[in-house]
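We just call them A, B, C, D, E and F in the order they show up, numbering each chain from 1.
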Amino acid sequence: MLFGILVNEGPYQHQASDSAYLFAQAAIEEGHTIFRVFFYHDGVNNGTRLATPPQDDRHIPNRWSELAEKHNIDLVLCVAAAQRRGMVDPDEMKRNKKDADNIASKFRISGLGQLIEAGVQTDRLITFGD
Amino acid sequence: MLHTVNKSPFEKNSLETCLRLIEDNSTLLLIEDAVYGALKNTNIEEKILNAQTNIKLYVLGPDLKARGLDKNSLITNIEIIDYKGFVKLVAENEKIQNWL
Amino acid sequence: MEEELEGGVVKKFLYVNRRAPHGTIYAHEALEVVLIGAAFDQDVSLAFIDDGVFQLKKEQDTAEIYTKNFSKIYSALEMYDVEKLYVEKESLESRGLTEDDLSVDVKIINSKEMKKLITDSEVIFNF
Amino acid sequence: MLHTVNKSPFEKNSLETCLRLIEDNSTLLLIEDAVYGALKNTNIEEKILNAQTNIKLYVLGPDLKARGLDKNSLITNIEIIDYKGFVKLVAENEKIQNWL
Amino acid sequence: MEEELEGGVVKKFLYVNRRAPHGTIYAHEALEVVLIGAAFDQDVSLAFIDDGVFQLKKEQDTAEIYTKNFSKIYSALEMYDVEKLYVEKESLESRGLTEDDLSVDVKIINSKEMKKLITDSEVIFNF
Amino acid sequence: MLFGILVNEGPYQHQASDSAYLFAQAAIEEGHTIFRVFFYHDGVNNGTRLATPPQDDRHIPNRWSELAEKHNIDLVLCVAAAQRRGMVDPDEMKRNKKDADNIASKFRISGLGQLIEAGVQTDRLITFGD
């Protein structure tokens, strides 16, 4: 079955991203396919490559990158939400004249249409948030 | 239809609203801080017991365990499932409503 | 499933709005989803439940807190063919509001009808 | 002592807890979504009226206005102040408790 | 004010903990403040109110959600000379918990006593 | 009077940072001094220089930078919270072997002791959060 996942909170502050990750992992193990994980609101902060959590703690952004790499999952940060919160990829960096980008591997920035599309094209859309 | 709630019913109104707007014969899964709603001897126990006459209740085991709770802490007839069980519920039910 | 992957599929979308405006950004960013979603020709309904009813309060003026007054967008939704706005009667009443307090035309329905609206929807967005 | 609450009492328990744990003759300022708690004709109006016999209530005007509310929307004897008034309350009261 | 700017001042600090653990990071990061604060030789008390009482629940095991099990730190607070832990009776009871459910020695006080604890404090941290 | 301010949420998602800013501004106008604004939890995200909010919206991080510049306010991001969430200054970049930093002007990264110190040394400590 084709699943879409919406993550509305950033890493660590709320359990949302943890729950979404463990759900995605279990869904894959059960033979389902994750069509897309869409990160909205503070959820875009999951896509940073600049985090350094304590060594004995999970690395939330890296964990998403690795899952996406292994299972070819589309990780999308909402562009409008990302602009408000300072999540930047190389294109956005140029477009908004910033001097750095901070997006992690396997994440991409795109529009809200990608969320609507996930709603239309998947069998189930599940939301994790605050 | 599958409903999920992730908030403590002692702190927020999500579970209460869910119970007001959930159809009979639906499935309700409590995750994250909402698992506290499944505790026995609380001041919301009666609401849960009433709800159980019309809906089937599940709690997410990993979240329960994280909070120091187990089967003995809970109201009876609440099923404890793991993430695979969560995925199965989502697959089995055509629609999902997440009360945040 | 095959059918759902094609372009022309129309689904019943429901946006469930349960939060007050301004204290958090959820109401505002939810509206951005509705506006973008309007271009996708889905069957769209909006439900206002709990503190979500405060989103529709008339005469919001954010000048003194310097945030965007997105409340004006609700009355523009009609131009985007988003016309089915439902407000839960019980939520409205327990907050001391009446239909006259609202900035847009909505259908006020009771909990039982709201229950049916939710059940009849196919894809539900919660903000 | 000055207490502030910033959460809608219809969504979260912050105001209720504040009213349970606030000393008589204290000052309570409602800011952000908590300003909804000052509305008249709500299902929590009585709690506010009761509280007013022992504590002095203020709401932050800019937050009230942002939400489309004004003096006429409110329970009587609640004073509307601006940010300078907020600062004055903080300066006047030796201690602050912020209920989030 | 002059006096308060000097080094040796001791204030009554109160940490008010009102949130459940794990669903959000507040409880965990609040504990980090308490640990750092312990080095400052202030007069420290911790209050557990509302869902904050769940922070002290025995036998928490986060292995299956892969987060840090910071609940073990509460029993180590004594080593940092943080010994005044107060739990509100009403919060405990309405959540179906008893003193036996708690992982550490605390003083259980009623709302009236909690009110006094708050009033008698000088600097209050809320998480 | 000497005020300390604690901000526990990031920009835009919650009103906390807006309220804290307007409070700080009013306090200064009333003749008080802001000893320090300490950003904890997701509050550290207020210190990004990579945000590009819509042009008709307020720029929350820049507004803090400007207030600090004008009135010499100490803006401190908690180092532990910042590491978890990917807020990085040049020192942290080197220390944690990152390839970019993202901190805005006038913000600095330091330890939780700075918050305790604000509690001890100010006349009032006020918290804005979720």
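In the analysis below, a contact is a pair of C-beta atoms (placed from the backbone, for glycine too) under 8 Å apart; a residue touches a chain by one contact, two chains touch by 3 or more.
Since this is a predicted model, take the numbers as computed values, not measurements.
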{"item": "Co-neighbours of chain F and chain D - touch as defined", "value": "C, E"}
{"item": "Intersection of contact partners for chain E and chain F", "value": "A, D"}
{"item": "Chain pair with the higher count of C-beta pairs in contact (D-E, A-E)", "value": "D-E"}
{"item": "Chain B onto chain D, rotation angle from CA fit, given as a multiple of 5 degrees", "value": "180"}
{"item": "Copies chain A and chain F touch via same or different residues, half shared test", "value": "same"}
{"item": "Geometric centre distance via CA averages, chain F-chain A, whole Å", "value": "25"}
{"item": "Cα-centroid distance, chain B relative to chain F, in whole angstrom", "value": "38"}
{"item": "Centre-of-Cα separation between chain E and chain C, whole angstrom", "value": "40"}
{"item": "Sites on chain B at which at least two other chains make contact", "value": "6, 10-11, 13, 32-33, 62-63, 82, 96, 98, 100"}
{"item": "Overlap residues in chain A, where contacts from two or more other chains coincide", "value": "1, 8, 12-13, 15, 19, 22, 41, 54, 57, 80, 125, 127, 129-130"}
{"item": "Multi-chain contact residues (two or more partners), chain E", "value": "22-25, 50, 65, 67, 124, 126"}
{"item": "Overall pattern in which the protein chains touch one another (line/ring/star/complete/other)", "value": "other"}
{"item": "Set of all touching chain pairs, with the criterion as stated earlier", "value": "A-B, A-C, A-E, A-F, B-C, B-D, B-E, C-D, C-F, D-E, D-F, E-F"}
{"item": "Contact set on chain F toward chain E in their complex", "value": "1-2, 6, 8, 40-41, 80-81, 111-113, 115-117, 119-123, 125, 127, 129"}
{"item": "Chain D residues touching chain E - in the complex, by the definition given at the top", "value": "1, 13, 17, 20-23, 95-100"}
{"item": "Chain D-facing residues of chain C, complex", "value": "19-24, 50-51, 54, 57-65, 67, 69, 71, 94-96, 101, 103"}
{"item": "Residues of chain D defined as touching chain C within the complex", "value": "6-8, 10-11, 32-33, 36, 39-43, 45, 61-63, 65-69, 82"}
{"item": "Touch list for chain C against partner chain F, complex", "value": "22-25, 65-68"}
